[in-house]
Every structure is written in structure tokens, then in C-alpha cells.
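Input: structures, listed below.
Each of the next two complexes has chain A plus one more chain, namely chain B in the first and chain C in the second.
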Partner chain A sequence: MSESKIIDACDTYCPGPLMELITYMKQANVGDTLELLSTDEGSAADVPEWIHKVGHEVVSNEKVEGVWHIKVRKAK
Partner chain B sequence: MRILVVGGGTGGTILANNLARRLSAEIRARKVRLTMLSASDKHMYQPGLLYVAFGQMSPDQLYRDQASLLEASIDFHVDPVEQFQLDQNQVRTQSGKVHEYDILVIATGSRIVPEEVRGLTEGAETFYTEASAVKMFKRLREFQGGKVAVVVGVPHKCPIAPVEVMFSLHDYFKARGIRDKVTMKYHYPIGRIHTIENVAKWAKPEFDRMGIEYETLFNVKEVDVENNVVKSEEGTETNYDLLIAIPPHRGMEVIEKNNLGQGGWIPTDRFKLTMKGRDNVYVLGDTSNLPVSKTGSAAHFEAEVVAENIASIVKIGAPVRDYDGKVYCFIEAGHERATYAMFNYLNPPDLKPPTKPMHWFKIAYNQMYWTSVRGLL
Partner chain C sequence: MSRKIYIICVSGTREKLQMAAMIASVAAATGDEVSVFLSMNALPYFVQGHAVDAPAEGELGALMAQKGVPPFKQLFKYAVELSDAALLPCSMAMDLMRITKDELDPEVGPPTGLTRFLSDAEGGQLLTF
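Now for the complex of A and B:
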């Protein structure tokens, strides 16, 4: 079953947005879409780098009113 | 008013003692009843496990009787909860008893799940339980040299542990005079050596100075126990003679079985600390899904906020404070020096260079913890 889930990691230093995303990716099923919300400038680059390295998919990556919305799909 | 606390670890104990004091008159007048249900009659000081792994504390030093840590007015039972029936405002325990409540606090903590990574249980040493910390110490004593690899599972409690264990390993091998026979490699899940940017900035030159190698974006996928190779989700691998793992964690099974939260993590309001959708259920410490570190420190500051709010609800009918995400972590920078990180949702930590006095303060805190959980510190 495919589902979309929002992970709100705004204003966090620890465990941090990418670590949060990794946690939820582990729980997700192949095909699920997750949307990470982050106020950390680094996330816009870090998250896609990790997603590509592992072999998942970045669906979209945009900044809306100071918050990065990074949508990813679990591919494997 | 019936207040029920489930879990007698760091968060539950601080909360219950704090509430017992704030509401002592109401409890005496039988207007409030404060009950704690826990899974064990013992309380473990978990941060001490790192010291056990290096032979600096013995396991029996980590325990106190839970009852001895609680205010006498708290009705304490060792009887783990098996069913949370939140629609009926009641829980059912292992012994079959049903406890009704007006306000429920869930603080059941988290557990390691090394079995989620193939080969990790057999292949790696760890220090997140008493037995594994003792076993790791015995392995370290026998170790005469070779490649040490440290890998980090996600999520995990005590986010500082990965760097602390590196510094401790360095000092341990140095003290035994075999540091030059050991290579050390650290593997971390994200693109820098620690999730907190300022910790990463501070630790990198320390690693360089100590000759510790590192690989980032390494999420441990499996351990090939026969060939002593650890492989990452990202497609890389490392050979080792001794593998040490910070295992991945989940919340307690009882949380998942009762459908309170995926992975055992309960969806929690980051300011009010109530379970999402339930105004009379609070969540403390490791078991919340909050994006704050899973530490005793977070559990401590959360417990103080929740205690103040529940006491205010009893006295004036409304909560008075929000949790601001506060965490304070000591960072052992070896066997003789330490620093600390203090931060909240909005302000990142500002790390100071490690000092000896800060290390001795941490050693003192290892004892002060018992005063802290009694709610006195």
C-alpha cells in the first residue's frame, strides 16, 4: 500500500532532519512518498545527496516561507 | 483526580516525584491519587553502561531499588501495562488489573533492535544493555590490535554516544600501550560526523588529532560475520577485526501492539507534550516521536514541564508552560576531559573546549543522578 506522510523536522538540531528522514524511511514501504519539512539550509543539499546515494527518488524540493519541503519516494 | 504514570525510568520517576511534591496537600486530602506502574522493581542509570564497557564502573553500581527513589505518597506497582484502552481512560496490566485514570502519562522508553540488521547481533559488540557492556569490556581486554570499526544505527538513544565511544576507545588503547597497533574507523549515517553541526565541527579536529578515520553517509545494512565485513545501504563496505555498534532502536512493543505509534514512537505535540489527539494523555522521553534527542536529559526537562502543567490543571484548571525543546548533554572527550552541549528547538549548542573539571563534574553527576530522579536537582 502506498501512502504519503509528513515529517516535521523544523527547528531541530538533534537528531536533525536527515536522521529523522532515515528513521521514517526504514518504517516506510517501497513506493511510499514522504515529505520532510526542514528549516535547516543544509537539508536542501544533504537530503537529495543521501537519497541518490542509497537509490531512492527525490520527487520535489522547494522552499516555501522559509521551510524546505522535500518530497521523496522509497524506491527499494 | 486519578493520575497514572506508566514507566518508572528517568522521565516517569522525575515526573511522579515532582507531582507528589506539588500536589502533596491534594494527595493528603485524597483529592488526587498518584499511581505508577512499571516493568521493573529496579532503576538503572543507563549512561553508566558506557563506563561498564571500559571497566570504569561495575554493573551493580548502576542500580537502585525503584521504590527507594519515590516519594512515599506515590502508589507504586511492578506490573507492566499490556493494554492501553484510551477510549475508556483505562489500562490493563500483566496481572490482569484494570487501572482507571483522568490523566495518563506514558514514559515506557525505548529498546534496542540489533536484529533488524542482519549479522549485527552475532557480529558486533555493543554497550546498550548490561550484558552487552560487560561482554564488550571482556572483548576489549583481550584485543591485542587490529581494525576497530564503529557503526551507528538509526534511530538511537544518546546521540552523543557515537563520538564518546571513539574518544574512550582511543584513550583505552593508549592506556594499554597498544594504540599504535589499532586502526579506528567511525561510520555515521548522515553527511557529517555528528547530527549536531557544532558537535561535528568540534569533533572533527579531535578525530584528526587522534588518528581516527571516518566515513559519512554510512547506514549499516548487514554484517558478514564470516568474512568480518560490514556493509552499508549506500553500497560501501569496511573490514574489521572488532566491530562496535550503536544499535538501532524502537519504542516498546506494547506501544506498537496497542497501535499508539508506528515503530513504538507515540505522535506527540512538541510544545504541550500531549499525545496527538488526546488531551489527557502525556508522553515523555524516548517513547515520543519528537525530533529531539532521546536522552535522559530531554526526559528530565520534559518531565518538569509536564509535572508543572498537570499540577496547574489540578489547581487552576489549565496548563501553564510549553516545552521549549531543552536538552543538556555532557560529552566525554576521553577518559580525562569533557565538554557539554545545551540547546533547545530554536538555539543550537555552542561547544566549549573540553576540560578536566567538566569531566569530574560528569563523574559527580553519575552519583547526582539519584538526587536528580528523586526530583531534588
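Now for the complex of A and C:
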């Protein structure tokens, strides 16, 4: 069964949020959803770029009260 | 297809080490093959027990010291973990410092000469900090 996990990378700067996401992506199973929380504006654009490049799936990317919520599904 | 990225670190300032480490970690995260040559004032930071706080060159370096920026050594370590990036200590700098490989951080690879590094880097992308 696929799982969902929240990774809080608020208050860290590029490429901290990406590195945190990758650490958890390595441990996740295919089909799992991870939600990255980040206050870094650069990462809000950069993390989805990485997700596309390596072949995972961006489920959603939205800013809620100053925090970016980037949901990604592990595709492979 | 993965690219080959070769980085030469010679500066001991925070900004340059940080930029080199950012490139190494992000390139490694996207599957690129990364080799980092550590020489001159960059090498001492990779000697076990050496201070890890590099002096700031200017305004951004000072800001990075106060904010939640991942330390450059942590980013280099990510690069090694993510794609087996090679951190190669310059054999000339090691001779000058009179240090052996055993005195360097465990993630640092074998002592490497500049001739060998440049020969490996032929045709790849070479960045110097």
C-alpha cells in the first residue's frame, strides 16, 4: 500500500529542501507520495524541475500562508 | 545521458566553497558524474579536525553564516552519497601540508595529481572556484 509523508524543510535554503526531499525519496517505495514544506522561493521552482528531470511526478505545488507545499509521487 | 562535471576548488572562502558544493550536490542529484579536485586553500577544510567555518568574502558569505544554508561539507557529502561523486585531494597540496590520506575525511578519495585530473576531465565540463 502506498504511503504519504510530510517533510518539513522550512527555513533552509537552496539546495537544502531538495537534498531533504531526495533523502526521503530514496527510502520511499514506488507510488508513495511525499509532501515537501519549504519557505525557500527558489526551491519552489527548482524542486519541481528536479522531479521532472529524474522522472517522478509533481502532484501539486501551492503556497499556503507563506509555505510552499510540493507534493511528489515516486514514479520509479 | 549523464554529463561529466569536473570542479576545481582552490579558494578557502565560504562563498566559493558553497557554490562549488551546491553545484556538486545538485549535479549529483540529477545523475551527473561529478569529480571535485581539492587544492590550495580549499584542501585544509577536508583534514579531519580542521575548523569547518570558512571566512566570508563579502556580504553574501556573512548572510549565509546567519541563515539556514546547508554547510558546504554536508553538500559535498550528499554528492558522494547520491552519485558516488569523487572528492580528490591534490597530491601537491598534501605534500606541502605534510599530510597523508588517513588524515583526510573518510569521504575524500585517493591523492590525485593535476595531470591525472585534467586528463580525466578532457571533454567534460570544468569549473573552477
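Keep in mind that, in the parts below, the second predicted complex is superposed on the first by the 73 of 76 C-alpha atoms of A that agree within 3 Å, B and C clash if a C-alpha of one lies under 4 Å from a C-alpha of the other, contacts with A are read in each partner's own complex, and residues count from 1 in each chain.
Going forward, a contact is a pair of C-beta atoms (placed from the backbone, for glycine too) under 8 Å apart; a residue touches a chain by one contact, two chains touch by 3 or more.
All values reported here derive from a predicted model rather than from experimental measurement.
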item: Chain B versus chain C as contact partner of A:27, first or second or both or neither; value: first
item: Chain B versus chain C as contact partner of A:42, first or second or both or neither; value: first
item: Partner chain in contact with A:54 - chain B first, chain C second, else both or neither; value: both
item: Which of chain B and chain C A:14 touches, first, second, both or neither; value: both
item: Contacts of A:75 with chain B and chain C, given as first, second, both or neither; value: neither
item: Chain A residues touched - chain C or chain B, whichever exceeds; value: B
item: On chain A, positions contacted by chain B and by chain C; value: 11-16, 18-19, 22, 50, 53-54
item: Residues of chain B touching chain A in the complex; value: 116, 154-155, 159, 189-191, 195-197, 217, 219, 233-235, 248, 262-263, 291-294, 325, 327, 343, 345-346, 348-349
item: Residue numbers on chain A that touch chain B, as the complex places them; value: 8-9, 11-20, 22-23, 26-27, 42, 46, 49-50, 53-54
item: Touching residues on chain A, where the partner in the complex is chain C; value: 11-16, 18-19, 22, 50, 53-54
item: Parts of chain C lying in touch with chain A, wherever the complex brings them together; value: 22, 25-26, 29-31, 64, 67-70, 75, 78, 82
